[in-house]
Each structure stands twice: as structure tokens, then as C-alpha cells.
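Sharing a structure here in C-alpha cells format.
The chains carry the letters A, B, C and D, assigned in the order they are written, with residues numbered from 1 in each.
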Amino acid sequence: MSEIKEVIVKTDRLATDKYQVNMGPQHPSTHGVLRLLVTLEGEKVLNVQPHTGYIHSGIEKMCEAITYPQIIHLTDRMDYLSAHMSNEAVALCVENALQIEVPDRVKYIRTIMDELTRLASHQLWWCVYGMDLGALTTFFYGLRDRELILDIFEETCGARMTVSYNTPGGLMFDIHPNFQKRVKDYIKYFKTKLPEYDQLLSGNVIMRERTEGIGYLTLEEAIDFGVTGPSGRASGFSSDVRKHQPYSAYPLVKFNEILDHRCDSLARYEVRIKEMWESISIIEQLIDNIPEGDYALKMKGVLKLPEGEFYQRVETARGEFGVFIVSDGKKNPYRIKFRSPGFSNLFALNKMAKGHKIADLVAIMSTLDLIIPDIDR
Amino acid sequence: MKSFIEYIVSIFKGVWTLLIGMKITGKYVFTPWKHVTHQYPENRDTLVMFERFRGEVIMPHTDNNEHKCTGCGICEINCPNGSIEIISKSIITPEGKKKRAIDQHIYHLGMCTLCNLCVKACPTGAIVMGQNFEHAVWDRSKLTKVLNQPGSKISEGVKE
Amino acid sequence: MTNDELKTVLAERFPTAEIKQGFQYVEMIVKAEDLHETASQLKQTDEFYFDYLICLTGIDYPENMGITYHLESIKHRHVMVLKVRTADRVNPAIDTVSDVWITAKYHEREVYDLLGVHFNNHTDLRRLFLEDGWGFPLRKDYVDEVRIVER
Amino acid sequence: MAFNIYDFTTLTHDIHVGLAESFSPFLATTIEWVIVGVVYLLFVALFGLFLVYAERKVCAAFQQRLGPTRVGPWGIFQTIADFIKLLMKELIMPRKADWFLYNLAPFIVIIASFLAIAVLPFAPGLQSLDFDIGVFYLTAVSSVGVIGILLAGWSSNNKFSLIGAMRSGAQILSYELSVSLSLLTMVIFAGSMQFSVIVEHQRDAWFIFSGHLPAIIAFVVFLIAGTAETNRGPFDLAEAESELVAGFHTEYSGIKFAMFFLAEYINLFIVSAVAATVFLGGWMPLHFGNFESFNHVMDFIPPVIWFFMKVLTVIFIIMWFKWTFPRLRVDQILTLEWKYLLPINLVNILLMALVVLTKFHF
């Protein structure tokens, strides 16, 4: 009898235990080789510790051995979804350092390409986000529309993702004769498809329940963690480099910086959807007005930057991308640093996911739109 | 009572959003002939790549087995990955002068990132980007190619 | 604040620091021992309010290690560059600013990983990308005969 | 009635009589068991393969793709090829897995599915177990499968599996309630738990038409709860791919994985078949009150075809759910059950009782 009593005393409170789960490096929702060490209590996430470096390729070290035009093709491989913006950052940085002004035509084309890249990136993000929430069909609708943008890239730049379209002083080629017509056709087509995105996923009650009030990141935290891009703007962090330090043709176009103060997953979702509309409007403003002129300046065979330190910020689809070149006057950089948006965004994940369920962790991570080579570099 | 009405309304609103979603997918499922995928190996004959598509570096030869490469090595310098190696030889021109010329233009496709810098840098336009994208081979050594064909020589009139 | 205004205000506030106009931004070079104090003042003083650390870079100079901070104020929209050099190159150490800007915690881990700069008082100074026991690849004297092929 | 020519009662009766005359009663019963077992096994295997193929084609159509096209014309042999591949695959077991439970789990899951099929009336006379508590038996048996899922998750020695299994347990136990209550609504309406009687009651009008609002509500609730019961999207938390890799069957390979896979599709079939039987008239043809000629034409279509047409329609709707909606979170799935479906169901039963009492139906 006394034995039984003891057992009852021992089990009067249901014993719970924390346990750790490795999400990744091979996990469907990490979109690459990110490893998250998740501490769980039942389904509740107590702590998320990202472990990076599985695809660290030492791009910064590699860049120290090659010349400035050659660096550009390596920047394709970091954030492969905003390859054109990363290219542009290096090209702009070198142009600024050499104090040359590229022709207007180049600026216009670069801006259009930027926005097309942003559209393509946000489309891929949208379809993957749907998939992370469990709506598998979104994946194909997003890719369907993205493929057409990639076709435009392929026709003009010669590659679908790793475009390498910029060079210091201009562009690799002039735009293809079909370019303007194709882009206009595409914009017309995509304007009919984008409302479908809203109807299929944005309005869906399950999706709303899954995202509203989930993954809260306040403005102060967003600034403190350096969470930029759509993720930061959903917390009200006005971080759009296109607006605050405009480059290329951005000073010439009218567009709104999408800000949202709800700070949750839904806000991050809607900021991106609205940014797609803004991108469409920017492209529409520019596509008919591309001025005539050279597509590239005649540059010297060997580019040597003056001694000094140069920093260039651009806005990629994921946030603020920075190139910091320390030059000692040689043809290759003394030190080059890429400030990648994904790196800073990733580490806010712990703050956002704490206390939510595993399923929310996946959904929150997806709203950050992480690209692993961008984090690891 | 108010919360009860809200509860009922929320059910209908929720179901309505679900039905809208089903309308979108339903629109596609009942038009299955509007699929967007390509049947790749079957459409090989009709598949045309864009003219600027970067599939591999090639060196075009004329019918007389002549190319434009002078063996200057600028492409080798411009390549970021070291995927081009130029082996040159010295030949004796008809005038009796000794001259450097290309022996082998070695191209490692396996290392190439198709960045177009070599093509852009080439002063004589000897190398261009080819549109072939089916590069799969059983043996990695087959990815190392010699671009100038055996017995080929440089075209007349290409400036050194 | 424009760059010139910022320069004068900074000069008033930090008389010991060396302030100059860089290529784009105002640059301020502080001594290693003043770093933490300067950083927290830059963030907390209402005049500057540099609340956003854009970028933290470690640079391997011939004699010492340099750390460069790119700072922006979201309130005032001005940008500046804060620079500091360590005393030693082989075993560099410097104060952390991770308690000022949280994001510095991870950027400092990256610098520690790739350059071997030790950050004092950092709560979680582990390698970020590479395995333990790996060298510091971004140092100029790093040799790896297997993985680095010199042309 | 015209569909009597399609009645299987005489056929099965003749076989039974023939066997009883030629063999001793014990042997005759054994042979009958074997025949029935083999027929069901073949049916389940083939229909399972067909459903996998159908799912892939339907999903492809939803996603503007073509689906399998390579193996055979329109890829119809794709699932057979896949099945052969699964049969030949190496069976890998985690080192620290519980050997006995790990191997037992797939069998429990598939046996539970098999048991449930027994009571389904495919056509008049084509039903192996027609007894007066058919609905009760079905709800009892179909919840046995969750034990297999729990065991699979527990014994795999994998945290993802365990989380998946626990989710599945919570989910199936809750939704079992809704399934039973919505079936109970219709049992009140039909006045019987016997499937053949329920079908017979729908001779003039299917229950979904004759039962007015309560029947429609019960049908919708049953569809939702049934989808949850089969662990299919948007309720596929147990194997949520983006969260738990593959959930409770992460560690299974080869034929054991195939069993889970097959069981999932059999369950899909069972849920659809029950929905078709209880709400859509089972094998009964579509009849409208006074259109004699129309009714006559409908009678010419064999009952088996009617049954499978209805089943496939319901399966298509469930697939439509899966390929449209995002997945729910684990607490939302329970909220949906306990805060929405259960109260609706209880009110619905009252409503149905009122309808039956006032005879406010056809």
C-alpha cells in the first residue's frame, strides 16, 4: 500500500522534459544547408540556435586574389535570387571609387533589371512560403510566373539566375531588341496573376490564423538586430536604401516605401506582396523611357582603384546589401566585405520564434526569406 | 449574444475565404490542357535556346578549318577561375619570321562559371558562347576540351 | 545632419578621437580602450543616435587588426564610420560592442572566426562558420596548400 | 426494379451453396474466407495503386503540370513501377529502435484499414459483413490505426517521428468524435446502424437531399473530420513535410513504408466510401421524385459504377482540399474540432432529431 502511495506522489505532476531537435542541415524547410538547434518543450520552441557554415565558400578570401570585374561573377553566387543587385553593388562601388558617371541608359536598364529581379525573388519567396505553410500548389503558381522573368533575363543577359550582367562602367551587353516588348507583355500578364496570389493564399483564413500575431519583432529589436528589407519594414523600420541613399535611376522614379507597423508574420507577408506592386509600377515608369546611348563606358583593361575605403549600399530583395572595399591601389582589393542582409536577419529568428510552436518556427523562418549562401558567403 | 453572432459570422467568413481559394485551384484543374511544363527530351528538336544563352565557350572555325585565335592569352588572364589555359608554340611565317601562335586552347568546362569575361575580353572575337547546355558526361576528364581543332590555323587578316 | 555638421559635433564630443572626412562618410578613429565607451555614447546620445549597425568588418593590416563599424541613425539619417585598431596582430583583442548593438554579437563572431580577433566580454564567442582548430582564413599569412591553388 | 439484374446476392449465394455442398462446413467456411480475403487484398492493392496514380495526376492538374508521363501511356504504370521499387528497397532500421514495435506498427495500421473495408456495401449483395451495428463497428475499427501510428512514432527512436505520432494521436482522437457524431446524425435519420438498411432508405432520395440542412451540415463536418482522420492536407500534421520531414514514418523504408503509404490511401477510400454510402446513397442511382424516364435511365448504370463514381467524387473533393489549403497548426486543429465542429455537431444532432420528429423530410 505504501508503495502505491509513493508512486502516486511521484507522478502527481506530469513530468515534462526539454529536448533538442536538429532542424537541418538537411531539412525541407531550411531551404538549403542551415542547421537550427531547436530546444523544445513539447511543441513549444524555447530556444533556436542557428549553426551556419555548411556552405561557407570563402568568397571574401577568393575576391582578394581576383580583379574587380572578376569579383562580380562571384557575387552572383552569394544571394542567387538577387544576383543582379549584388552585381550592381560591386559595379557601383567601383564606379564611385573611380568617380565615373555611367550613361543614363545603363542606369535605367540596371533599375529595370533590379526590379525584375525583385519580382522574381518575391515570387519564389511567395511560393516557398506557401509550401512551408503546407499549401503545395502555390509553389507551382509562383514558379510559373517566375520562369517568364527568367526567360527575359536569359534573352538579355544570357543566364537565368547567375546573370553577371553588370560590369564596372556599364553592362555586359545592350538589352535585347525584344526586351521592352517582353517586359511590357510580362507586366500585363503578371497584373492578372498577382490578384490570384491574394485570393489563393493571402485571404485564406488558415493562412491568416497561422500568421497573425506570430513572430513578433518590434521596431527597436528590428533596428538592433539590423533586420532590413521587407522583414524589417514590416516592423516599421524604414530601411529602404532605394529611398534613403538612391542609386541608379531610383531618384527619377516615384515609388512608395512599403512600411507596416504590425510587426508580425502577416505584415512581413503583405509587405512583400505590396512590394511586388511597387516593382511593377517602377518598371512601368521606366520601360518606355530608356534613353538612347552607350550601354557601357570604355574602361581600361586593368582597373585599379585608388587607395582608400569605399562602401556601397544597395537594396536587394532581402534587405540591405553592402560592399565594403578596402583598396591599397592594386588591381585587386586588399579586403572586401559583403554585408549580406540574410546574415543579420537570421539571428533575429530566436527572438521571433521563442514561445511559438514548431510549425510557427518554420513559418517565421520563411518570412525572413533566408538564402543560405548569402548568410555563409 | 454579440460574441455569438461574431462566432457565427467568423465561421461563414472563414469558409468563404476557403471557397475563394478553391475557386482559383479549381479554375486550373478543369483546364488541364493549359499546363505550363515542357516535355523536355521530347521537345529537343524544337527547343531553341536564346542566342545569348551561355552554355559553354566555343571557338568557331570556318570551312577551311581556320579560327581567329592568336594565342595572346588575354582570355586566360581574364578568367576568374583558371578554366582557360593557352599553350602556344612558335611557328615560322612564310616570310621567314619566327612568330608565336596558338598550339592548344584548353578549356576546363568543369571549372567554368560562364561569366562571359573571356568572350568580352577577346580582342579578335575568336571565342564565343555556345548554346549547348547538355554537358553531362560519364568521365570528368571529358570536360576538359581543346577548343582549336587539330590542324587548324589562324585566319588571314586577323590582326596580331 | 550633414557630414560637415556631424564632423564638428563629433569633434566637440570626442576630443581625443581622430575625425576626418572619408570618401563618402565621416570617419572617426578611436583608441581601442575607448571603443566601448565611444560606441555606447554614439548610440545613446540623442544628438547622434546611431542605433543601426550596418556592417562590422575586420581587416588584417600589416601591423595590427582593424575593425570598422558602419553606423547609421534611423532617426537623423546620417551615416558614419567608426574605426579602431588592435594593439597586436598575432593575438588581437578588443572590447565587444555586442551589448550596444545586438547584431554585433554575430558580426563579431564572424570576425573572430575568420580573422581571430578576440572580443573581450563577448558572451558567446564561438566560431560561426568553420570548425574548431581551423586557421583564420582572412589573415594575409593564412596558408592552405590543399584548398588554395595559386595561379 | 431494373438494378436487380446487377444484384450480386444470387451470385454470392450460389457460391456459398456450391461450396457448402461440396465440402465439409469447416472447409467451406475456410475457403470462403480465403476467397473473400484474396478478393479484398487484390482490390485494396489495385485500388490503392490507382489512387496514388490519380492523386498524382489530379495534383498535377491543380498545379498546371502533366504528372507522370513516362512509364506506359500517360504514365499509368508509374505507380506499379514505384511499388516494385519500394518492394526491392533495403529495409533500414534505426539501431536503437524497438525491434518488435517498429516492425509491428505498419501491420496494425494496414490491418485496421482492412477491417473497416469489410462493412462497406459496394453493391447489393457485395458486402462481406452486413450486421446491425455496421456504423458503430466502422468507427470503432477505424480508430485502431492510430495505435499503429503512435507505435511507429514511438519505436522509431526519432524525435521528428515522435512529434508526428503525438500530433497524430491528439488529432485522430479528437476528430473521431466529429466523425462519429456526424454519422450519428445520419443514423438518427435512417433509424438504423446497418449499412444495407441505410442504403435502402435512400432509394427515393439520397440523405443529403432528403435530410435538408442538418444532413448537409453533417456532410460538410464529416468531410472535414474525415480528411483530418486520414491525416491528409490541410490536416497532415503527422507527416508535415516542411516541419517534420515525414513525421511518423520518417524512419521507414521499403515495403514497410509502402504499407503506411497504402494504408493512407485505403483510409482515404474508406472515408469517401462512408461519405458516399451514408450521405450520397451508396450504390443507389440518382433518382428524382417524378421524372420516371430519367430515373429509368439512371437505373441502367450498374450500382457498382454508381458507388465508385460517388466515391471518386468525394476523393476528388478531398484532394482539392489538400492541394489548395495551407496546413493548420496543432493547436488550431484542436481549436477547430473542439470549438467549432463539436458544437456545430451537437446542435446539428438536435436539429436532425427535430426534423425526424416533425417528419419534415421527404
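Please note the rule applied: a residue touches a chain if its C-beta (ideal position, glycine included) is under 8 Å from a C-beta of that chain, and two chains touch if they have at least 3 such contacts.
Bear in mind the structure is a predicted one, so any value in this text is a computation, not a measurement.
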item	value
Farthest-lying chain, centroid of Cα atoms versus that of chain C	D
Between chain B and chain A, distance of the C-alpha-averaged centres to the nearest whole Å	25
Distance between chain centroids, defined by C-alpha means - chain C, chain D (Å)	64
CA centroid of chain A to CA centroid of chain D, Å	44
Per-residue multi-chain contacts in chain A, two or more chains	137, 144, 200-201, 204, 206
Residue list for chain D, restricted to those that touch at least two other chains	62-65, 323-325
Where chain C touches two or more other chains, by residue	151
Chain pairs that touch, as defined at the top of this document	A-B, A-C, A-D, B-D
Touching residues (chain side chain A, partner chain D) in the complex	19, 21, 27-29, 43, 130-137, 139-141, 144, 200-201, 204, 206-207, 209-210, 357-360, 362
Partner chain A, residues of chain B touching it in the complex	13-15, 17-18, 20-21, 23-25, 36, 50, 52-54, 78, 80, 113-117, 120, 129
Footprint of chain B on chain D - complex, ascending	58, 60-66, 69, 320-321, 323-325, 340, 344
Contact footprint of chain C on chain A as seen in their complex	52-53, 56, 58, 60-61, 65, 96-97, 221, 223-226, 237-239, 244, 308-311, 313, 320, 322, 324, 326, 334-335, 337, 339, 343-344, 347, 376
Parts of chain A lying in touch with chain B, wherever the complex brings them together	66, 69-70, 72-74, 77, 137, 144, 147, 151, 154-159, 162, 164, 167, 172-173, 176, 196, 199-201, 203-206, 208
